[in-house]
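Read from first to last, the chains carry the letters A, B, C and D; within each, the first residue is number 1.
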Amino acid sequence: MKREKLLEVKDLTVAFGKRKNRFVAVDGVNFNIYKGETFGLVGESGSGKTTIGRAIMRINETDSGDIYFKGQKINGKIDKKLDREVIKNIQMIFQDPMASLNERAKVDYIVSEGLYNTKLYDDESDRKRKVEKALLSVGLLPEFASRFPHEFSGGQRQRIGIARTLVMKPELIIADEPISALDVSIRAQVINLMNDLKSTLGLTYLFIAHDLSVVRFISDRVAVIHKGQIVELAETEELYQNAVHPYTKGLLSAISMPDPKTEKNRQFEKYDKSMHHYEVEAPKWMEIRPEHWVLASDEEFERYKKALDGKVLNNR
Amino acid sequence: MNSDEMIKQDEKHLPDQIKKAMPILTIENLVVKFNLRGRSLSAIREASLSLYKGESLAIVGESGSGKSVFTKSLMGLLDANGWVDSGTIQYKTYDLAQFKKEKDWLKIRGKEIAMVFQDPMTSLNPLKTIGKQVREAVVKHQGLKGREATNAVYDILENVGIDAPRKRYNQYPFEFSGGMRQRVVIAIAVACKPEILICDEPTTALDVTIQAQIMELIGELQSKYGLTVIYITHDLGVVAHVADRVAVMYAGDIVEIGLSEEIFYDPRHPYTSALLASLPQLGIKGEPLYAIKGTPPNLFKKVEGDAFAFRNEKALKIDFVKRPPYFKISETHYAKTWLMDERAPKVDKPKIIELLNERSAK
Amino acid sequence: MLKYILKRIFRSFITLFAVTTIVFMLMRLMPEEGYFGDSYDKLDEIQREAILEGMGLRDPMHIQLIHFYKGLIKGDLGTSITYRPKVPVTEILAKKIPYSLWLGLSSILIAIIFGLWMGISMAQHKDRLMDGVGTFYIVFIRAVPSAVYYLFLQLYLTSWLKLPILFDVDEKASFFLPLLSMSLVSLAGYAMWMRRYMVDELNKDYIRLAKAKGLRQKEIMFKHVMRNAFVPMAQYLPTSILFAISGSLYIESLYSIPGIGSLLVESIQRQDNPLVQALVLIYAAISIFGLLMGDVLMAFFDPRIKFETQGGGR
Amino acid sequence: MTQRMKHIAEDIDDTLFTFAEYNQSASEEIGYSNYSYWQSTIQVFFKNKVAVFLLMVIVLLLAFTFIQPLLPNQKLPTKIYNDPVTNMQYRNVAPNSEFWFGTNSIGQDLWSRIWSGTRTSLIIGFMVGLFEVIVGIVIGAMWGYMRKLDRVITEIYNVWNNIPTTIVLILLTYIMRPGIFTLIFAMSITSWLSMTLLVRNLIVILRDREYNLASRCLGTPIRRIITKNLVPYLVSVIMLRMALAIPTAIGLEVFLTYIGLGLPVDIPSLGNLVNEGRLLMMSESLRYQLFFPAIVISLITIAFYVMGNAFADAADPRNHV
């Protein structure tokens, strides 16, 4: 079935600072996100994954390249109406539950802050009802609305952060490392909640994280980003089992599984940037298999292709 | 008969790998208390543990479980409002639980027990060169001076995998990456020539590729210097990689302890198996993950019976009334849960644990 | 490092220029009758107008400015009008500056030595007697207006220690009291900030590692905490200089020390514009120099700044 | 000791070994810690006995200062009293039953002059503090929050900060003819800057916190971000500045009076009183005219200073231990 393209990112570049100390955080990135899928973006700290999320949210200005949301260009200068549209339809969940809620405001204001901005409610009682509905949909009790954030645990605060986005009825949610600051036992709760919301409300996620095992569980497609460039992108199991790019393989070998027998003798592949000779031939963004893209020079591309021929996909 | 007698009494059946080693540290019924906003709370509730020479023990627990407080009490680094209330910490001829004055603690800090902290960004003095900060430990504990001390620092920096130690000696922390700084912190700890090395979440603040390197480094140093390592973490993947034995902590008490194979393949305490089952690595796509309900308890609640009872769907009535003692499962495997009592109904573990079990049997 | 300092010096000059211009214009707002002192009512309207014309006060502002700066470069700061008519300003100042310089510098020096020592010992014996006594002293000095306790210092110390009331250049004993008053105030500032910065450092994570390394509390205090507390302390130096300037105005007139402090008070009362202009220029230069010194010291103590070539965070 | 012997000895009845039903909200409740910011601030503040005592002193002082004129048989601060018998002015009368604090050199009652002087000084201090806070928040918030504005105002700050404030104060009071309004205006002009910088530095730290980012993503206008997200965090700083404004204002007023630029003599103020006391301080018998104003000034300034700092410490979350 023809998937509807919700978000399209073309040769996106984001840089900070000027002239001498100019730092390119995102360097020519391409990917699409289809409606109803969870798109995983995984990379180490400083790889530019958060910058991409913030560029889509229009928090960071973009240097070059385009971001299309439902066919309309939303980066750079846009008119007021479209800006309103973007604010309503694209929302963000933040990493640290302790820092992403205003400690001096009640949960009632925090959750309905978006409503106040976009006037998406008829009257006070309608707003109250919307807040309660949002709290219930994330598994919190309506009477929590009159409490302050510091009265809640990490997991509960993260659910308030999610309720805050749901009240706007968005289509795309950018989740910037939503669970890495949570306790292990709480992570599963939030992951399940996000999956339930996706199926019941038809949401689409851009799931940004550095924890590969979480990304594998939750994402439909995954992109691996290194130093501002996406090096590989594929359907989740295809990437985890048939990774071709050395950086992706290095990352995958570093995942530690909670299984002492396999863990004790696991070999860890160290990625060495100098193995590429990109000064000779610049890398291109090429499709090595249907829906499986990789950043490689022609010579490398052939080598990866040969390595891939024998592999077939086994569904774990 | 309280729990530790049970452990001591059965020591003769320990598997050979542990039997050769003697316990160099024995903690019995340790209670650590804090006063917070006018009330005194117990962060550690009668936890007991024996540490054997040369082994690598992992302490697993979430925030509020008290795992950091537990190890800080071994070095007298408790915050100002915390104190060791009762219990004993037997290390060689000392009882660390009785240590009060700085003079006592200086007998073991560094020389006997050294520590590596979580956040490399803030553990080093930003205004002092790397070389000087390592040298302080070398001069203090290896009694070297001048040229000798400097060379010793070069060697240690090399041992922890820092390139061009001569150049790096005069550089400052802000010129190092997170991974390199953690190597310096480890160099400082090893330079103290300790018996026991406590690593308080040493890899949590690092990226996964650097994490693997640091874990490997600690393993090498352990065998090279004959260290006994206590590894504190909440990441069960890291535990599987580094630990010989695992102690699971919850709300200030060690609820289960055993060899890592026993804990991972045959978890007995409901919290341990729930923790394993909720890991995304073991999750089956499309199906919801096994999630533990509720939130980890904070210290304000006075705990009656088994602290995990509130969050355990299959809790027994007794769990809310009486605190479970240690039940012996094997020579090295103990768990504090009434489920082990033969009067308790049989409870099957989450499906995912069975899966993990079969895969390991192959 | 050098590039950083040169850049800072250049910015200081720009600031000095801006400050002088602003004060110059501010002076022009002074009520004009002050220019004539007591001879105001003797002259009639036209004569007064002629005198003001002569002084160039009727020219448009920018002309006056250019005239002023031309003179400044040649070192001619104009002549005093009412304080000592027709005497070039530079001559008046030459005699007075040494006194203020002596009082200012020596009091800051004493304040730094004793202030830092007091701050360090207060941080070391935190929440014990020494800390309590020190805190009481600091609170008293910083809360109660200096204009009040200077009086009591002058009143009682002269009688107890049999010291002369007023300053007399050839009587050495009369130097002691003004110097003591000045140092007592700036000393409290240094002690307070040193204690506060050391206590801040004590709460930092690297102290925990130093303790775990087996260092004694004394070693940690001197090798790590004190050394690092100097970085923010360097920033307090300019503030303490500003503090000393305002202090000197009061003490110099209280003990009638013929320094530029008392001169400024008098020249303002006498509305002697060129004299006030020159004095403000000196004081502004001192405070800008103080800020520059603060930055240089901080760069010296904190290696991180040396590597940020595009200048400090001023 | 085998399993069997152990549990018999502990006489637990077997029925306890059945499942208890699971209670969802109880499992949520255990994570609940009743920490509240303002409650802890007040708790920590009231633990500091000295500060509490001084707070009481201030409250009593303020109340007394403003109700003093309404009390029975109080004298007028500016009226010159004559001895009904000799019709001579009660000059320099030492404190006695009629003139509790004695009289000054022209026969005015020192007791009522001190309290009316305190009123003037408190009003000046309060107005300066208020001005400082209002300007500090408005300009400080904009300076801290909007990056483009930051460059411009930082330059202005650098220039303004280098003019020694004392000189500006002297110039202004001189130009504008001494009076209460002049004093308030001059002191405000020279003191708003440090408060504004304080607010700006705080806002710069808060600006990039995630909760402000979240508000921006929700499209909250800057106006509401400042009032709802930023200002509530500034309350403790504002309280501290207001408390310190009063001792600073009194100190400046005394200094200005000394160099002849203070309030005109007919308006009783603590500065005038200290000045009058200073002129007579050499003669032992008249020293009371210096002591009483000095003591009242010290009491007020120390009380406000200590109480202000104690409140700032109490408001620092790090101390909520």
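One rule holds for everything that comes next: a contact is a pair of C-beta atoms (placed from the backbone, for glycine too) under 8 Å apart; a residue touches a chain by one contact, two chains touch by 3 or more.
Here's who's who by UniProt: A = ATP-binding cassette domain-containing protein; C, D = ABC transporter permease.
Here the structure is a predicted model, which means the values were calculated and not measured.
Measuring from the average of all protein CA coordinates, the nearest chain centre is that of D.
Counted by C-beta pairs in contact, the busier of B-C and A-B is A-B. With each centre defined as the average position of its C-alpha atoms, the distance from chain A to chain C (ABC transporter permease) rounds to 56 Å. Averaged C-alpha coordinates put the centre of chain A at 33 Å from the centre of chain B. Centre-to-centre separation between chain B and chain D (ABC transporter permease), using Cα means, comes to 49 Å. Counting partner chains per residue, chain A has residues 153, 155-156 touching two or more of them.
Multi-chain contact residues of chain B, defined as those touching 2 or more other chains: 293, 295-296, 298, 311. Multi-chain contact residues of chain D (ABC transporter permease), defined as those touching 2 or more other chains: 28, 31-35.
The complete set of chain-chain contacts reads A-B, A-D, B-C, B-D, C-D.
Chain A meets chain B in the complex at residues 44-45, 153-156, 183-189, 191-192, 195-196, 210-214, 216-218, 236, 250-251, 253-261, 263-264, 266, 268, 270-271, 316.
Remark: chain C (ABC transporter permease) residues 204-206, 208-217, 223-224, 227-228, 231, 301-304 touch chain B in the complex.
Note for the complex: chain B touches chain D (ABC transporter permease) at residues 1, 36-38, 79-81, 293-298, 300-301, 309-322, 325, 338, 341-345. Per the touch definition, chain D (ABC transporter permease) reaches chain A in the complex via residues 25, 28, 31-37, 209-211, 213-221, 224, 228-229, 232-233.
Only residues 11, 15-16, 18-19, 22-23, 26-27, 29-31, 139-140, 142-148, 151-152, 155, 203, 242, 245-246, 249-250, 253, 264-265, 268-269, 271, 276, 280, 283-284, 287-288, 291, 314 of chain C (ABC transporter permease) touch chain D (ABC transporter permease) when the two sit together in their complex.
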